[in-house]
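Look for chain A in each of the two complexes below; its partner is chain B in the first and chain C in the second.
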Partner chain A sequence: MDATTNDTTSESFDLTKVESGQSLWSDAWRRLLKNKLAIICLCLLVFIVFLCVFGPIFVPHSETDQNLDLQAAPPSATHWMGTDTLGRDLMVRIFTGGRISLAVGLVATIVALVIGVSYGAISGFIGGRTDAVMMRIVDILYALPFIIFVVLLTVVLDPILDQPWKKLVLLFAAIGAVEWLTMSRIVRGQVASLKTREFVEAARSLGLSNSRIIFKHLIPNVLGPVIVYSTLTVPSIMLFEAVLSFIGLGVQPPASSWGVLIQEGADNMESSPWMLFFPALFFSATLFSLNFLGDGLRDALDVRSSKD
Partner chain B sequence: MPLLEVDNLATYFHTRQGVVKAVDGVSFSLEKGQTVGIVGESGSGKSVTCYSMMGLIPMPPGKIESGKAVFDGVDLLSLSEREMQSIRGKRISMIFQDPMTSLNPFMRIESQLIEPLLLHTDTNKTDARKKALEAMDDVGIPDPEKRIRMFPHEFSGGMRQRVMIAMALITNPEILIADEPTTALDVTVQKQILDLIADLQARLGTSVIFITHDLAVISQVCDLVNVMYAGRIVERAPAEELFRKPLHAYTRSLLKSIPAMHRKGEELHTIPGLPPNPAKLVAGCTFRERNEIGDRQQCFTEGLPAFEEIEPNHWAQNCPGCLPPP
Partner chain C sequence: MLRFLAYRLIQSAIVLFIIVTVTFFLVRAAPGGPYSRERAVSPHILEKLEEQAGLNKPLFEQYTIYMGNLLKGDLMNSYKYEGRRVVDIIGDALPISVNLGLIALVIALGVGIPTGVISAARQNSWVDYSFMSVAMIGICLPTFVLGPLLALFFAINLNFFNASGWYDSTDWVLPSLTLGLYYAAYIARIARGGMLEVLNQDFIRTARAKGVPPSKVLTRHALRGGLLPVISYMGPAFAALITGSFVIEKVFAIPGMGQHFIDAAFNRDFTLISGVVIVYGTLIVFLNLAVDVVQILIDPRQKFSTK
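Entry: the complex of A and B
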C-alpha cells in the first residue's frame, strides 16, 4: 500500500469531507502549484488582503485623522502615499477602503455564485417548460435597470437602514441579486448539454436522486467555467460598488472604498496624481491577480486537459 | 415463478411527428441466473424496453401506455420514482454502450465505484473501499490500489467498461441489464468483456438481460434469445435452436447477413429497405415490405400476426408469409 492510500484510509469517514475536500481539490491544488504565474498572483492577492486587514495597525494615522498642514501633500516620510484634500493619510485610507471593496467583491460573488449555480443547474437539468419559465424570469430581471432597483430598495428599506453596516449588507444583497443572472445562464447552458451525456444516465441507473445528480455529478463538471467567471465577477462587482458609492447609495464618508478613492483621485488627477495612482495601483493589481488566478484555476480544475 | 416477467409492455413517444410506437406489446420473462438476449436492428425498441422497466424513459414525450414488469412480485411500472431509485443500482443494474462517456470525468474511480454502496447499503467508507478494491480485482483491473485513485480519462475503453461492470455488480444485483456493452470495444476486448460478464454471472447468480445487435455476441452468451423488430418480439427460442433453425423471415435474413456465413468473393446478403418508421407503422405484418426470403404475398395486411409457440419452446409471429413453408 502506498502513501496516498494510507492517507485516505486514516482520514475520518465524514463523507462530505472526503468527497469535496479531498479527491478533486488536492489534485487541482497540486496542478495549480505548477503554474508559476497563478501562484505569483495568488501570493500578491494574499499580500494585498493581508495589508488591508492588518495594515492599518502599523500605520500611525487613522483613516479619519486630518493633518490640516498637509492637505493634498505628495508622498513623504510621514505619509508614504501622500494625503488627500482633507489632509488624511492616503495609505491607511487605501487599506481600510480595500477591506470594504474586497468584502463587497467576495461576499457578493459568493451570493451570486450560490444563487446562480443552483438556479442555473436546476433549470438546465429539469428542462422543458420549467426551464423556459425559469429562464424567462432571468430575462425579466435582466431588463430591470439596476440603479433604479437599488434606489427602490433603499427607499423601501430606508426605515431600517439606520446603521452604516446595514447599508453595506443591502449593497451586498443588491449586487449579488443582479450578478447571479449571468452565472445562472452560463451554468444552465452547461448543464443542459451535460445532462444528455451517458454518465448522467448511468448515475440514474444506479438509483441516484435528481438532486444528488445535479449537485454531486453535474456541478463539479461546470466548476471550470464557473470559477473563471467568478474571478471576472469580483472586479465587475468592485466597479459596481464604486458606481453605487458615487451616487450615494454605497459606502458613505468618512468610510471609503477603492472605488470612492479612485473617484476622488480622478477629480484631482492633474494637481495631485498620487491620489489616483496609489488606489488605482492596488485596484488593478487585485484585478490582474484575480484574472490570472482564474486562468490558472481553470487549467487546474479541468482534469481532462491536464498534462500529467 | 420467473424473477422478472414483462407482460404486454408498450411505450409510445408523443412527438410532433406523431405517436412513435417504440415498444408495442412486448412480453418476455427472465429466470434466476438466466441470460436472455434481445437482438434487433437500431430503432427496433430493444433499449426502450429496458429503459421502460427501469423507469428511465423521459416523460414527456415518452409514455408507458400499457403493460406490467413484475419483478419479485412487484410491478416496476407502478412504482414511484423514489421507490424505483431504491431498486435501480441495488437490485437491477445497468451497463451501457459507450464506456468512454458513461463515467463522470470529474470523479475518481473510487468515488464512483463506492457510490452505489453508500447509497443503497449501510456500508461505511472503509468497508466500501475494501469492497471496491475487491470488485476492481474481480473484473481484472491490475494494481487496483493505485488504479482506484485515478480518473476515468486515465483508463482505456476496455478498462472503463470493466469499471462499469464492477460498479453495476458491486451491490450484488439480481438483474444486470447490459445495453450493447461491447459495441464500442474492439473485438479482442469484446471477448474479454463477454467472458468477464459470464464469469461473474456464474459466480454471483445474477440474471442478465443482454441487448445487442450483434448475433455473434448473442450466440456466445445467451440462453434464450428474443428477436425484436419494429417494437415487437418476432421470434423467441433458445440460442442454439435459433441459430440451428430460425423460423421468422426477419431472423433468417439477419442470420444470412452475417459476413462469416458467406464464402469469400460472394456478395454479402443485405435486408432491403430500412426498418419501418415507428411513427407510421402499417397494419398487418410489419416485416412485409422487406420480406424477400419468405413469401411477401402471403403476409398479413391487416391484423397483427399472433405470437405463438410454433415448435416446442420456439415461439414466433405466426405470419404465413414470414414462416418457412411446413
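Entry: the complex of A and C
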C-alpha cells in the first residue's frame, strides 16, 4: 500500500491535477506529511525496527556469547551499551529482544484486527436481533477481567508450554483475543451507518452476495478508523506483553523481550543502572512514537475520537 | 433507569457466574495439583491427601460443592497454607491492595483532571504543550520502569523512603505515586480531549456571549460534559489499576493480592486462586456498574445508547 500512496503523493504536488480529485488516502498522506511530530515518530519507528531486524548482523557479539571477564560492565567501546550480569552484550540483546516485543505487538494486533473487523462488520451489517445478541456478547466479554485470565492461563499452562515458541503463540492468541472487542465495536458502528448508503444498495441490486458486500465494499470504507485504532493497539499490546514478562509470566529465558530486559535491569539497577536505562529507552521510544503516530493518523484521516 | 439497572444487574450476575466457572475448570484442567510440588510423597500418601481435600471426587461434584459453599460466602480452605481459610488470607491482603489502589486513584484524578482541564482551556499555549508532552512521557514510562527509577532516586540515592516493604504510611508514597502518575497521564489526555470537544460547542459560545466569566464557563458549563470521557474511562481504569498493582507489588515487595494471585497460581492452590479471581471479578464488575450508573446520572442521553 505504501508504494501506491507514494505515487499519488508525487502527483498531488502538481497543482493542475488537484482539481481532478484526490483519493482519501493521498489527501490523508499529505496531511500527515505536514504533521512534523508524526513524521519524526514514523522515522524513529522505522529506525528502531530496522535496528532490531538488522542490527544483530552488524554487532560483533551474539546474544548468547558470554564474556566472563566483563560481567555487568558499563558501556565501553566494545560493548556500546554495556554488558549484563552474565557478560552478554546488552545492545545485541536489546535488538533481539526488540524483535520479540515488536513481533508480539504486530501479530497480536493482526489477530485482534481480523477477529474484530469481521465480527463487527457482520454484526453491523446483519443488524436486528442478531446484531443485538452479538453486541450483548461483546458487552459481557468486556466486563470479564481478561487480564486475570491471561495471567492465569500462562501460569496454569506453564508445564505444557515446554518450548518458548509455544508460549509466544499463547501470548499472541491470548492478547489478540482480548483486544478485538473495542475494534469490533468501532467497526460495527461504522458499518451500521454505511450500509444504508446508496453504493451498498447498488451493489446489492447487482446481485452481489452479502459476504462480498461486507468484505469488498464495506470494510474498505472503515479502514480509516481501523488503521488509527490499530496503531494505538500495538503499543497497548506491547505494554501488556512487557507487564507479563516483567512479572515472570511472559517470554522465558533464554529468549528475551524488552519486558524481560527491563525486569533484569530493575533487579540490578543499583550496581548497573545502564541495564535498566537502555532497554527502557528503546521501549519507551517505541511506545512514544507509536502513540504520536496514531494521533497524527487520527488527525490526518479525520477520524472522530468517539468509540461508537 | 430501573430497566437499565435490572439489565445490568442480570448481566453482572452472568459475568460473575462465567468468571467463577471458567476459573474453577481452568485451574483444574492444568497438569499438577496442590500437592504435586512438595517433596516427593509416596503415591499412597498423595492419594490420602487428595482424598482428605476432596480432590478425588468427580470434577463436577467438586464444582457443585464449591458453588454451594460460595453461595454461603465460604471460599473453603487454602491447600497450601494448611488450616487457613481463603477468606482470611484475602482479608489480610485485600485492604493493602485497596489502600494502594485508592491512593493511586486519588493521585490519578487529582493530578490528571486539573492538568487536562487547564490544557484545554489554554489550548495551543505553551502550558498546553508542556503539560501534554509531560503526559505523553508519562504514558510511555510504564509503571515497571517508573517504579524502579523512583525507588533508585528517592529511596536509594536520597534515602527519603524505604525501597520496599509496607510497614508504615511513608511506605505508601512511592508505590501509589508510581501507580497514580501513570494513570494521571492518561486521564489528563482524555480530560483535555473531552473538554475541547465541549468548549467548541454552541452553548459555550452563547454563555461567553452573555458575558459569563471564563472561569465560570469552564466550571459551570463545560466541566459536566467535558469530563464524561474521563468517567467512562474509569471502568477500564479500575481493571488496569489491579493489573498495575501486580507490577507495583512486585517492584516494592508489598504483601497484597497481586502476590497471592501469582503465587497461588504457581502453587496450584486451587481454592486460593479461585478466591482471588472471584474477589477481583466482583470488584471489577461492580465498579463498572457503578461507573455506568454515574454516567447516566450525569448524562441521561447515555441510557438510550447503552440500553
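Here, the second predicted complex is superposed on the first by the 214 of 308 C-alpha atoms of A that agree within 3 Å, B and C clash if a C-alpha of one lies under 4 Å from a C-alpha of the other, contacts with A are read in each partner's own complex, and residues count from 1 in each chain.
Note that in this section contacts are C-beta pairs under 8 Å (C-beta built on N, C-alpha and C of every residue); 3 or more make two chains touch, one makes a residue touch a chain.
Keep in mind it's a predicted model, so treat the numbers as computed, not measured.
J.: Who does A:Leu152 touch here: chain B (first), chain C (second), both, or neither?
T.: Only chain C is touched by A:Leu152; chain B is not.
J.: Is A:Phe292 touching anything from chain B or chain C once the two structures are fitted on A? First, second, both or neither.
T.: In the superposition, A:Phe292 contacts chain C only.
J.: More residues of chain A in touch with chain C or with chain B?
T.: Greater contact footprint in residues on chain A: C.
J.: Is A:Ser284 contacted by the first partner chain B, the second partner chain C, both or neither?
T.: The second partner, chain C, only.
J.: Name the contact category of A:Val243: first (chain B only), second (chain C only), both, or neither.
T.: second
J.: When the two structures are overlaid on chain A, which partner does A:Ala266 contact: first (chain B), second (chain C), both, or neither?
T.: second
J.: If we overlay the two complexes on their shared chain A, which of chain B and chain C does A:Leu206 touch? Say first, second, both or neither.
T.: first
J.: Mind working out whether A:Leu276 is in touch with chain B, chain C, both or neither, as first, second, both or neither?
T.: In the superposition, A:Leu276 touches chain C alone.
J.: Between chain B (first) and chain C (second), which does A:Asn221 come into contact with in this model arrangement: first, second, both, or neither?
T.: first
J.: Return the residues of chain A at which the contacts from chain B and from chain C coincide.
T.: Shared contact residues on chain A: none.
J.: If we count contacts the way the header does, which residues on chain A are in touch with chain B in the complex?
T.: On the chain A side, the touching residues are 1-2, 4-5, 8-9, 13, 15, 18-19, 23-24, 128, 197-199, 201-209, 212, 217, 220-221, 223, 303-304.
J.: Which bits of chain B are touching chain A when the two form their complex?
T.: Within the complex, chain B contacts chain A at residues 54, 56, 60, 82, 84-90, 93-94, 96-98, 101-108, 110-111, 115-116, 118-120, 124-126, 129, 145-146, 149, 151, 153, 164, 167-168.
J.: Looking at the complex, which residues from chain A come into contact with chain C?
T.: 136, 139-140, 143-145, 147-149, 151-153, 155-160, 239, 242-243, 246-249, 259, 262-263, 265-266, 269-270, 273, 276, 280, 283-285, 287-288, 291-292, 305, 308
J.: Which residues of chain C touch chain A once you look at their complex with the stated criterion?
T.: 11-12, 14-15, 18-19, 22-23, 26-27, 29-32, 136-137, 139-142, 144-145, 147-149, 152, 156, 193, 197, 239, 242-243, 246-247, 250-251, 261-262, 265-266, 273, 277, 280-281, 284-285, 288, 305
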